[in-house]
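Paired with chain B in one complex and with chain C in the other, chain A is shared by the two complexes that follow.
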Partner chain A sequence: MRTMFKSLWALTLMSVFLTSCGNGGSSNKGALSGSVAEKVYVAPGEHDEFYAFVSGGFSGQLAVYGLPSGRLFKVIPVFSVDAEKGYGFNEETKPLLNTSFGQIPWGDSHHPDISQTNGELDGRWVFINENNTPRIARIDLSTFETVETIEIPNTAGNHSSSYVTENTEYVVAGTRFGIPVPQRDLPIDEYKGNFKGVLSFLSVDPEEGHMDMSFQIMMPGFDYDKAHPGRGDSHGWFFFTTYNSEEANSLLEVNASQNDKDFIAAVNWKKAEEYIKAGKFKTLPTNYAHNIYDESTHMATTTWKKEVRMLDPAECPGLVYFLPTPKSPHGCDVDPTGEYIVGSGKLSADVTVHSFSKMIKAIENEQFSGDAYGIPIVDFEAVHAGSVKQSGLGPLHTEFDAEGYAYTTFFISSEVVKWKLGTWEVIDRKPTYYSVGHLMIPGGNSAKPFGKYLMAMNKITKDRYLPTGPEVTHSAQLYDISGEKMELLLDFPTIGEPHYAAGIPADLVKPRSKKIYKLEENNHPYVTKNEQEAKVVRKGKEVHIYMTMIRSHFAPDNIEGVQVGDKVYFHVTNLEQDYDVPHGISMIGANTSELLIMPGQTETFIWEPKHVGVWPFYCTDFCSALHQEMQGYVRVSPKGSKVPISFTLDGDAVDAE
Partner chain B sequence: MILGSLFLLGLFVLPMWNITLEAPQYPIPLGMDIYTHKFEDTHEHDIKNINLMNHYVGMKYIPETIPEFSLFPWAVAIMTALGVLIGFTGGYRWFFAWLVLMCLLGIAGMTDFYLWEYDYGHNLDPKAIMNFKNPDGSPMGFQPPLFGSKDILNFTAHSYPRSGAYMMFIGMLLIFWAYRIGKKEAKAS
Partner chain C sequence: MKNIIRTCSLLALLALFAVSCNGGAGKQESTVPTAPLGKGQSAVQDDESAANALQVAKSLEDFSTLVVAIEAAGVEDALVNAGPLTVFAPINAAFEKLPAGTVESLVKPENKAKLAFILKNHVAPANFPIKQLKKDARKGRKLYMASGNYLEVEHREDAIYVGGVKILKTVQVSNGWIHVIDTILLPTE
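Our next item is the complex of A and B:
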């Protein structure tokens, strides 16, 4: 009994000690500190320290999370329609989904990247690529809306995208599925030598952010998987991993896994600029959509582009070199100094690291071990800086902190491994749940990482959450990496499949986030800036309703003279100029989504009335105490009816036309 | 005396008074600065948003301009000119007279402000969306306080002088001081 008391006493003492340790040691002690919950707790009303922009994968969207809390703030619609926000349903955003294949309602978004200035995150835009119908989108971080999409011609499976250079000079695109360029009718088994893998460099306007297809490079038909830009000394270069250097066209899981080494393609884009200037390109005819959303007109428009400038590396010496890299490398990551290029052979147990300075020397000394389609292959030993040996199974992606450490995910062995650049020694490893794909450290692929948290994005979830039938959410995990050892802090669910994410300190974005759109700056062709200007105009079969909304009514709210068979345009302007007072509108039987209109914004939906009667519309976003009263009616008369167009608010009738 | 009256000029560029409304839904409160010649938003669009709030209880919109805005600047200009003139020519008794006149004008201004506030808070649209009654059954008014803070439904209204008025007070104190010195000097001689 006495002993029991003693041990109880000891336990109590110990727990008191541990507790006080936890409370006092809220600073970064890594795995040694007490309260994990405290580290991810963001008190009600407080803000997170970081934004995380997480790709939605097969949802086609981009999710905005806060870290360390893991709270979801917004899903930004990018490549897929979103009925919640009217994206792709209202007339203003439909053009953003235009491609040479027509309007596409879905996309597969992969790798968000934040714009940079001098190699550091500047928080102006997020770029994200679409893999299926190759595109790149730009999201403006003052509005958190998609403001531009551009189709990538001569490309299939735009996977090695959409990474930006040190000053956002370029955002890149690449080909994962080799195709005939230009497209033509070919037997599939004539792949080898005939199929190509085009890489694209899109310049970015430093002020407006507008993308422009600057040039493409006609590469051999390997699969260009991932990419990252050089920085510091290696600024001016871009690195792309390749697999399927076997050029297989069937059963790739076997046939593309035969070569002991594939390549990292090192592209000298400054050299490319010289070749473009010197006119060493071919102009290829093509057709692709470039869609830009104008914040002043609140409307997107499509421009059709008809040609592209193509460089052939065989005819442009010094443009591209191949760096042999073991076993179908996937991740291609460049450390903050720009010296190390990390290639993760996904079928390997090692992580291979190349040295940029060694590469330059090897090129000067022409230490080549051959060529592929006229592109020199640099001797492996001459470029190899070192390998992280037996570090895990199936390395995929690497990010960096500011202290000279790298963190690599291992899909097969399901873990994150921390290792030291230069010595290649493994420092720590932590399991992930399960089968991690990408990882993200805010700024972890820039010259200035913010190495406090690491977010792992897992491909398999299984039992981590309450089950939701056969389909379960994808899971992200947050680790504290401020100490020597990593510490798992939090699991949180994500949308679609998070391929990659980009994190940034909130302070770099928050101050620029807009609260409203200014009504006086609204240049929408169908804007109605005050209730007196509200009207209904018939143009043949088309009826245009210029409508306003403000707490808590529409103007006009009684409309007559519409007929079955008409095409009715609701051009609705939200007259509010107050933060967080959006209004919505929807019409019974409209074959489209609601509109969700921000203060000062104008949006349009089309309604084609099919039945005679009086049909209501209403505000779909609980806007105010009188939200339930925010409604109106349209009277629909038979075709050819004599009922004139009229529109009223509170009985004040004004005849139109 | 001259310096004191010149302080009045601050009223041309600085707000005289401010009304601020706090509510749970407005973590950044709504506010209106009152100048001698205009109303101004504390943050862009605040007046529009105050109007939107107040229309629920049937309060009138805050007008773009009021007749006083054409009177106040003249009063300030004349008082300043008068002050400077007296500073050059007049004796301390004149200083006192100026102060009395200024105080009378101030009282007149505040009375006018009160009357407007009263009308603003009580002259409500009979079709108002929401009607509130005081515990005694009389219709509830929404008059902002003349000076100080007051709870009105979900809002807390604050009504306080601003930098322009403070400059005016400093000016008046200076003039009072000048009057005292003048009086002492007059007695001494």
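Our next item is the complex of A and C:
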């Protein structure tokens, strides 16, 4: 019995052994796993080949990853406050969150797009749209900071955004939800015909990048979903998918799925420019915020805009055409040549592809099958180039490589499918884990895709990582697409929802990345450029502290004469001129912000002392060997106290020798 | 006894397991590159920041002997560190005052530790501009040096003296201060 027991035990051990080594063996099979590991391995100290700017979705932010390693470098706060960076808490960045609805502390970021020159990524800015409180933001890729946000009026759910034209002439926005324009008190069931869908074209200053609401187009009240610009021959056109051409206002999952075909709206924006020039627009009163961060003053300011120029396509022939596209199309993707417009009907079994040259011919020959609210509907057969048949379930988005292949994601069948442009044949399919939404190939929505990698962004993760309770991380998956067949390389967690991403070779961005802010170029109204000029000034109930920080002290670091009920402004300048030497400052009881200040930068927070006493502040960023010594005190006296304002360093005046 | 046998068989099995899996790991080693040795902070390329203590020393001919000594002692990375650092930097003439052959001997590999110790006696791990040194002299504070020694600060009529050596000139660097001196500050051990 004992022997038998022992044998059983040995067998158990053997099976453990087989299992362990079996697993190791199979994943090593054919040296495949070894080479996969090598393909994503970036040695310590080495740099990744690509940047990936990955939308944070409902987090409202934009995350910066390296590819192929999948390492996270930075989360750039855009539409949501961020304690880590003081974003939206310090006085300088608060205006970036201003909207006509007030200061909105969180947002829903969706589609990052990198600025282009001649249809190629130029690595200057990333634009990203906010869906909920319709906005577009611009991130400067020399500082990796949000430097501009602009609200989109007459819009609700800015989803078909923020894609740029081939020379970044425009960045677009489009409403997902039909709404009364201008907004007014209407019964909801009067939707049909009364609700509108507005598309927006914002011009981009070629030098500074500043956005300006150039014009809007008053479209029928469909739901505008995704968009992409024409390029090459189709430059001058912009394509928007629409669903709910039924104009339903309730139970859309049923009522917006009645029509066999919805549309891709083809907008001729060069024509729009002509109409604007000819004065064929109406000026509508509105109110929206335009917020710009000035790198020289280290401060954002808000301008309130009161008007918008509106074009009505029914009165502007040749401005918009509808291209019938099966079953509630979602993705609207244009191939690198600009000839093919891919519309992925999310309920369709096929991927539909339209031809730009056929569209132009059909328009010339007036091959229209009708119109919708005065907008001509081009005959489907006259514009249809081909379809990828039975390619998967639930097609969503398509990107391209430089070899004439397209890659489409399928949400329901959880896969990426590679197919050939022109022949529409399926070349390869690989599963995703699970339910993929967008995909990204560096440059894959430009005239010059860089190929090599494809990143799939998944909506559902379930068991892919160590569980963390009911809420688990979203994920991205990296595929090697350099061969005929795709190969899964890596699976990594993301911030928020990786809604969409933009990828670019690191060499196009790296050389422009700033290391410090020059102190001599700092024009902040409350800057203190050297320690001797530090001061504390009382203005009635306000106390302004002009403070400096350098390894490893604040100047001044002992302050007296502050009273309960005062509003104390800490204007703090980091005097360092050395790469990667930020300082932080935190004040006990301050409930506006804790600051993290880069070399050469000035930031401000407000402290309203509530209790009498002596209260410390300290550096929150481990700046130096004497970081723990970097601290100070503020003495708070009762209201009406006779203690005068005074401030010292090392027991002396800040300019004492 | 039975227990021993059982233990032995377990060990044998484990050994087998280890050997087999080692084989696998060995195979993997040949395909996965190993991490390269990291370069120190002094190798960082940065032409935007203000120059740090090492970059300033390297840029001035007067410090050529000091730079040779820094490299021989292998303390380049410490001199570019966030610090903050206050360096009392001897010019070439300071080294020439030492007995003949001293420098040649100190830069030999076998004297690396000794040389590093002498150099550390020239660096205070703190932020001491002239203004602060004047205050320190007035308040009778001594300077704690990276060597562990303390140096006296005096405000004499013509200048500030540290460890009895006159400060000739001062340069602000990105990670602290360089005070130029013309005599080596030999540690008292």
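Observations
One rule holds for everything that comes next: the second predicted complex is superposed on the first by the 618 of 657 C-alpha atoms of A that agree within 3 Å, B and C clash if a C-alpha of one lies under 4 Å from a C-alpha of the other, contacts with A are read in each partner's own complex, and residues count from 1 in each chain.
As a convention for this text, contacts are C-beta pairs under 8 Å (C-beta built on N, C-alpha and C of every residue); 3 or more make two chains touch, one makes a residue touch a chain.
All of these numbers come straight from a predicted model, not from anything done at the bench.
Once the two complexes are overlaid on the shared chain, A:I550 sits against chain B and chain C alike. By the touch criterion stated above, A:G193 is placed in contact with neither chain B nor chain C.
Applying the stated contact rule after C-alpha superposition, one finds that A:P182 touches neither chain B nor chain C. Applying the stated contact rule after C-alpha superposition, one finds that A:S35 touches chain C and leaves chain B untouched. Among chain B and chain C, the chain that touches a larger number of residues in chain A is C.
Once chain A of one complex is fitted onto chain A of the other, the partner contacts of A:C623 are limited to chain C, with no touch recorded for chain B. Common to the chain B-facing and chain C-facing surfaces of chain A are residues 516, 550-551, 576-579, 625-626. In the complex of the two chains, the chain A residues touching chain B come out as 516, 550-551, 576-579, 625-626.
Chain contact summary for the complex, chain B toward chain A: residues 28, 44-45, 48-49, 52, 56, 129-130.
Against chain C, the residues of chain A that register as touching in their complex are 2, 6, 9-10, 13-14, 17, 20-21, 24-25, 28, 31, 34-35, 37-38, 41, 43-46, 514-516, 550-553, 576-579, 581, 599, 623-626, 650, 652, 656-657. Contact residues of chain C toward chain A in the complex are 2, 6, 9-10, 13, 16-17, 20-21, 24, 27-28, 31-33, 35-36, 38-39, 44, 46, 48-50, 52, 81-84, 125-127, 131-132, 134-135, 174-176.
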